[in-house]
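One chain, chain A, appears in both complexes that follow, with chain B as partner in the first and chain C in the second.
Presenting the complex of A and B:
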């Protein structure tokens, strides 16, 4: 049986650790499978909504300037590990942003999946169908 | 009084309405830099309509993925050295809101 976990990020980056926690927990949740029985599994999905979409901007220089890993790096790691990453289309547009402004892939790391920009209704469906929702 | 205030969050501190100063400087740092860069629903942040001088910290802009050309023209971009000079040379009192 597969357990589905939805990690929903609604807060801005860096001021607090919330986004970093969401991303690292989503990535770490996959390792839980080593403790599960055959046929069991964990399927995380990460969704960025509201001001949380600003976590996904490209060219974050947090490591160069403050020596901390950027949300961009965590996001690319999530894509590398085939996590489903959703960004709310309406909220992206509300901030005057497009796919060109955000991290859509991690090709340089060898990731095969890409970020999906989707209507909020699609994110709502993920929340409805998840076994657990973690809101950051 | 020449007063500079640090705004570090992407919300407008209510106390801003009550401050009176001969010269007011609003220094956008940390998540406050979103006021200088993001247009919500196509509108610049209301904080930029205030009668004040505006500054944003370049390190906090770059950390969040913003280049200087994304900054509203009303806002002067400063690095840490420039910020220290500003505080010591242009303002008498500093508040962290």
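Presenting the complex of A and C:
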């Protein structure tokens, strides 16, 4: 049986470690099976809401300036691993941003899935139907 | 009896969040439940041995030792988070496990309840 975990990110990038840990934990779902029985697995969905949508901005320079992996790089890795990534449409608009400003794909890495900008109601449905919710 | 998984990302020193999480674990153990406790981010500081006990700072080593003694409590430090802070296997208190983040996700899978406490 596959269980669905919702990783909800509502905090700013880089101000604290927590948003980075949201992405790294979500990506770690790919290897959770090592500790589980046959047939068991974890399917993550990552949802960015509130100030958390700023984690998805394009052209982050964390690696160039601070020598640390950017949230953008983690996000692209998540897409490469076919993780479902949702960004709250209303919160994005609240910051004057659109799909053009955020990481929508990782084509250069060969990722096939893309980020989905969706209304908050859709994110709530994901949260309500998830087996577990991890709020970062 | 049930199984509770607690994930904590807050530092031992700096807030009482980790103290609260351990108190919650203690209460659950006293009621006969099992607890898996995950330390990630700054919470990995809890795993470090030889921490001095000062009244001005949180000190949870004795409580953790008692909880481990029940046989119904597991505590695991995130390997990468610990190593990034210079906490190696030899620096960790007896009874602590070290795994990568997938351990936490697998623990949640079989948990009756999850309490996920994000960091600052």
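Quick note on the criterion: the second predicted complex is superposed on the first by the 136 of 136 C-alpha atoms of A that agree within 3 Å, B and C clash if a C-alpha of one lies under 4 Å from a C-alpha of the other, contacts with A are read in each partner's own complex, and residues count from 1 in each chain.
Here, a contact is a pair of C-beta atoms (placed from the backbone, for glycine too) under 8 Å apart; a residue touches a chain by one contact, two chains touch by 3 or more.
Note that the structure is a prediction, hence the values are computed from the model and not measured.
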Side-by-side fit of chain B and chain C on chain A, or clash: fit
Angle, in degrees and to the nearest 10, that opens at chain A between the C-alpha centres of chain B and chain C: 90
Partner chain(s) touched by A:121 [first = chain B, second = chain C, both, neither]: neither
Which of chain B and chain C A:82 touches, first, second, both or neither: neither
Partner chain in contact with A:96 - chain B first, chain C second, else both or neither: first
Per-residue touch tally on chain A - higher for chain B or for chain C: C
Touched partner set for A:107, first chain B, second chain C, both or neither: neither
Closest Cα approach, chain C to chain B, once both complexes are overlaid on chain A (Å): 13
Chain C-contacting residues of chain A that also contact chain B: none
Of all residues in chain A, those that touch chain C in their complex: 3, 5, 11, 16-18, 21, 24-25, 28-36, 40, 42, 132-136
Interface residues, chain B side, partner chain A - complex: 8-10, 30-31, 34, 38-42, 59, 62-67
Touching residues (chain side chain A, partner chain B) in the complex: 12-15, 51, 54, 57-62, 64-66, 70, 72, 94-96
Chain C residues touching chain A - in the complex, by the definition given at the top: 7, 9, 40-42, 80-81, 99-109, 111, 114, 116, 118-120
